[in-house]
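The two complexes that follow have chain A in common; it is paired with chain B in the first and with chain C in the second.
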Partner chain A sequence: MISMEHLIIGVLLAFLVVITIGIIVLRDLMAAVILTGLYSLVAAGAFVVMDAVDVAFTEAAVGSGISTILFLGAVSFTRAEQKPRGNDSWLAIVFVIATGALLIYGTLDMPRYGSAESPAQTHPQLGKRFLEQSADEVGPPNIVTSVLASYRGYDTLGETVVVFAAGIAVMSLLGLKRRRPEEEIPEHAPEDQPPELEQDTDRLT
Partner chain B sequence: MKIYPRQHHRVLQVITRLMVPFVLMFGLYVQFHGDYGPGGGFQAGVIFASAFILYGLIFGLHRTRKVLPPSTLRWLVSFGVLLYAGTGLLTMLLGGNLLDYDVLASNPLSGQHWGIFAVELGVGITVTSVMISLFYGFASKR
Partner chain C sequence: MATVLGFYNYWVVIVLMMAGLYILISRYNLIKKMIGLSIFQTSIFYLYISIGKVENGTAPILNDDPATIYSNPLPHVLILTAIVVGVATTAVALALSVRIYENYGTIEEDEIRALNAGEHEL
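Up next, the complex of A and B:
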């Protein structure tokens, strides 16, 4: 007997597969970027059904929000259409299939979804302990926050430093200042110039 | 990314003007309500940044940079990490372990409360400013 929850998750995961095939097949990079945003949104939906609300929140905000915009920015540096591919080599396909099979084989070791016998549930120092004692030890009703900011505050510090390092790297690569003084564009100029519109249609605006 | 204001984006401009304050408000809610509901510094930072990015996409980079200059952003990026690490150092100075918030106040629970507040605020500030500077970085080319 399949529960409603499993059914919904199955449908959402099937959507993910369809979207992935769409991303691979599409030559229009713009559409592919939009599909990656959609992918994150559907994944976030699946996380909500699995009761991982905080993860879903992050996935929706970062995956379908910010990274879509950054991808669009990256596409605007190049062309909106993928170059025609040459003949795909058989060797590459064999390697991809072998890697995929290995990854799937790796997941066979993992506990079943929702299993009560998974190590996270049965280990005396994990899930149950946090659920029972975090209110007395840390306080916040949202135990995810307790774990994230207090029990494993050191890891979160590391994550913040990673975000910081990524920001510094992008700043030093791209810079924050405009190269050309485009500030000259008058803010209230009557910009009713249709030719400019035509010319820009395949670029990002 | 080529971004500059255009007259025929009037509808988008009006909608953006309406939406930005609510997005900012929601970001603050996610930031400071993370103890009680889903959310926290990471999510709040991204939501807060997305308000600026939306504004930048519609009204142009120039006006966004007037609101939040890159020089300020550069300070904020480091300030968040420093706030986080500084909280850790403070707990050590007060005699606890690194990031052991119990010692921050007279009673361990309110110490934890203050510690988590400071740390999440640090995460939020860094994530917001990094996301906005990523946007500035991409948008200022071309």
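Up next, the complex of A and C:
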């Protein structure tokens, strides 16, 4: 009744839910960042089950690798601990549940998972055409490559422009010279504070 | 039962999305907000990929057997682009948080607001 594929996807989704609960609860940012990387990796596993192998290895390399490194870098330049505050207000919970309920109501009109008759699969100019003609028109057996580099080549060009712009933005924000956070911000780490306090009291007495 | 099997994928993904949105709304820490945003993002990738899946299909890499069913390659291409663009925007947001920390000494939203209010009083 329940196929192996559904079973695997169900287990992976359960992992994702548990990881997300962990991220919401944890106050240690370093642990939350590592869990985010794990979230991307589990999602990449689910992508393999859903036949999206190209997306899976991009997600594993970029989402779970580079993105985690960026987060770790940002955490090391700031504080690794989130303050105990944060408003777990009823308004936020009600808003999120209402939005989720509306979205779930919207899915009832969507084609069933795996349906071969859904508009996305049967549209004559999109997926179907790529599957039937990309071998003659472009060449590579991997259709994702053909669509990425040929049919939607301008899309990919736009993507590289975005990455270039983001690189310039990051460089202009942080500057090319690397600085150590300790040099500029004295009260960086909690364990740095006691000696300073002693100095202050010395000065007072 | 058939309805649940056809839709549970979407439902769990929407729950994950809303969890990301909740982190984004309710946490004051800017890096924690970015983590929530990236969970939201990955959930949307999941939604797109599950739309492209065809039952009994295989990865869209052509082989010689004409009877093979392939999954839809178009969502895969769109999400490949989205992953890379998502990382680029995350990098900019994190760079902004580091700059904010250098200027204010904190990345907690309420403390930044209090510091800004103090400046206006002066």
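Worth a mention:
Just so we're on the same page, the second predicted complex is superposed on the first by the 172 of 205 C-alpha atoms of A that agree within 3 Å, B and C clash if a C-alpha of one lies under 4 Å from a C-alpha of the other, contacts with A are read in each partner's own complex, and residues count from 1 in each chain.
Heads up, the rule we're going with is that a contact is a pair of C-beta atoms (placed from the backbone, for glycine too) under 8 Å apart; a residue touches a chain by one contact, two chains touch by 3 or more.
Keep in mind the model is a prediction, meaning the values are calculated, not measured.
Judged by the number of chain A residues each one touches, C leads among chain B and chain C. Within the superposed three-chain model, A:V11 lies out of touch with both chain B and chain C [touch as defined at top].
By the document's definition of touching, of the two partners only chain B reaches A:V161; chain C does not.
Once the two complexes are overlaid on the shared chain, A:F77 sits against chain B and chain C alike. In the superposition on chain A, A:S150 makes contact with chain B only, while chain C stays out of contact range.
By the touch criterion stated above, A:A120 is placed in contact with chain C alone, chain B being left untouched. Contacts of A:L174 after superposition: both chain B and chain C are touched.
After overlaying the two complexes on the shared chain, residue contacts for A:T99 are found with chain C alone; chain B is out of touch. Of the two partner chains, both chain B and chain C are touched by A:D54. Using the contact criterion defined above for the overlaid structures, shared-chain residue A:N142 touches chain B and also reaches chain C. Across the superposed pair, chain B and chain C both touch chain A at residues 53-54, 58, 62, 66, 70, 73-74, 77, 141-142, 144, 148, 156, 159, 163, 166-167, 170, 173-174, 185, 187.
The residues of chain C lying in touch with chain A in their complex are 1-2, 5-23, 25-29, 31-32, 34-36, 38-39, 42, 45-46, 49-55, 57-63, 69-77, 79-81, 83-92, 94-99, 101-102, 105-108, 110-111.
Those residues of chain A whose C-beta lies close enough to touch chain B in the complex are 53-54, 56-58, 61-62, 65-66, 69-70, 72-74, 76-77, 137-142, 144-146, 148-150, 153-154, 156-157, 159-161, 163-164, 166-168, 170-171, 173-179, 182-183, 185, 187, 190-192, 197, 200, 203-205.
Touching chain A in their complex are the following residues of chain B: 1-8, 30, 34-43, 46-47, 49-50, 53, 57, 60-63, 70, 73-74, 77-78, 80-81, 84-85, 88, 98-99, 101, 108-109, 112-113, 115-116, 119-120, 122-123, 126-127, 129-131, 133-142. Of all the residues in chain A, the ones that touch chain C in their complex are 1-2, 6, 9-10, 13, 16-17, 20-21, 23-24, 29, 32-33, 36, 39-40, 43, 46-47, 50-55, 58-59, 62-63, 66-67, 70-71, 73-75, 77-79, 82-83, 85-89, 92-93, 95-97, 99-100, 103-104, 107-108, 110-116, 118, 120-121, 126-127, 130-131, 134-135, 141-144, 147-148, 152, 155-156, 159, 162-163, 165-167, 169-170, 173-174, 184-185, 187.
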